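Here you go, one structure.
Each chain gets a letter, A, B, C and D, in the order it is written, and its residues are counted from 1.
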Amino acid sequence: MTGKTTWAIPEGYIPEESTGPEPEMISHETVCFLNTNDEDAAVEITIYFTDRDPVGPYETTVPANRTHHIRFNDLEDPEGIPKGVPFASVIESDVPIVCQHTRLDSRQAENALLSTIAYPDPD
Amino acid sequence: MTGKTTWAIPEGYIPEESTGPEPEMISHETVCFLNTNDEDAAVEITIYFTDRDPVGPYETTVPANRTHHIRFNDLEDPEGIPKGVPFASVIESDVPIVCQHTRLDSRQAENALLSTIAYPDPD
Amino acid sequence: MTGKTTWAIPEGYIPEESTGPEPEMISHETVCFLNTNDEDAAVEITIYFTDRDPVGPYETTVPANRTHHIRFNDLEDPEGIPKGVPFASVIESDVPIVCQHTRLDSRQAENALLSTIAYPDPD
Amino acid sequence: MTGKTTWAIPEGYIPEESTGPEPEMISHETVCFLNTNDEDAAVEITIYFTDRDPVGPYETTVPANRTHHIRFNDLEDPEGIPKGVPFASVIESDVPIVCQHTRLDSRQAENALLSTIAYPDPD
């Protein structure tokens, strides 16, 4: 298993602060990385918006032979992603990885889930 | 990241008017576009039905280096998409883009979500 | 947009009779076909099980320039698909089509949804 | 329909013991295999973690012309997968198969569902 070095996720949305009874249930938008190489992957995420220039790169490392599940909510540098606005993301890695997009929406009493393998650039 | 110029989404369905307690929660069927090119994408959507000829093109623009999340509910020209009937869609762009399909179903008290990267025509 | 002539859906499961308060809410497992050709598509579905030989073909037609959303619940010939057992499906068409898999699970008061583009045989 | 011999699922998470009113509703993370060959498939699953070396292979067989839906919860040899921690998986088969990833999350009163075709290594 190798994977690809460039991936895209056109859908992205972090719901506003939840109003539900359980404040510890935080809605989150996640990207899951899998690096099956024997060397670490240096990953850069670029965030695209509807009405302004892209922001990034957000830099992270996926160690060799590890998975890394990142919440977009937690991205901070160069800046946090605003809630309640549509965004998209492009992931670039210096070694081949595999990416999957998952959302847990807990705005209401019961959770909703979505997931899809991201779009791999065929090169 | 480039993408493809032709995409298909065989699933499509806009639920009838919600009967839930919160009228502002509108069920919606969405397609998310990502254009990472330095030029705008001229996008045409064609809607396919079960028992009549396709309708379209619905025309939209995805600006350079932007994402654009469109609700099928909001398409109006050449005509609105009827609620409560199955449909499918084909997206064609003059430059490569990436497309993802998402539904938020709020017919009931709690939302349900689905999402998948659309099918890219390999050519 | 053309598509492929062979598709696979490894996941399949029709929940047993719902026990919820609204008997008209039927759980269903769906495959959505899109035929953008100018000729009809003759489609054959084969169902795979865990512990017995495959059943089929189930035959259907997707007319030229139409979409067709089929519930596995409604397949009857050569035999109905039993509820409460895992199955999988292979779709073969004489012209290229696109296939998407969707489930609405209404066993409980609130619906759950899943969807994914089916796996296209690259050949 | 043939498929591929190597597949990846970057997302994985088995929720902790449910606290809901119905203990028989077990949250599960599933991978669905489809083997359309006339010979059995010898399948090996390797599990990747965030902070330790991969574990495996977990060995299973998908008989000729059968589907096999496996819950990650049920994997025991060489060791059970811990609950409440992120993981990822790689599936390798000696003959081509097709893989789909599904989660049923029943931590709350109402279920949530996600599903996606896994990522096939193009070879």
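Following the convention adopted for this analysis, a residue touches a chain if its C-beta (ideal position, glycine included) is under 8 Å from a C-beta of that chain, and two chains touch if they have at least 3 such contacts.
Small disclaimer: the values here were computed from a predicted structure and weren't measured.
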Message: Are the interface residues of subunit C and subunit D largely the same numbers on each copy, more than half shared, or largely different?
response: different
Query: How much rotation, in degrees rounded to the nearest 5, is required to superimpose subunit A onto subunit B on the basis of Cα coordinates?
result: 90
Field: subunit A and subunit D: spacing of chain centres that average the CA atoms, whole Å
entry: 21
Query: Between subunit B and subunit D, what's the gap in Å when you average each chain's C-alpha atoms?
result: 30
Task: Quick one: which residues in subunit D touch 2 or more of the other chains?
output: 109-110, 112-117
- prompt: Considering the complex alone, what residue numbers of subunit C touch subunit D?
  reply: 6-13, 48-51, 53-54, 86-88, 90, 92, 101, 103, 105, 107-110, 112-119, 121, 123
- request: Name, in rising order, each residue of subunit D that touches subunit C in their complex.
  value: 1-3, 30, 32-34, 36, 65-69, 98-100, 102, 109-117, 120
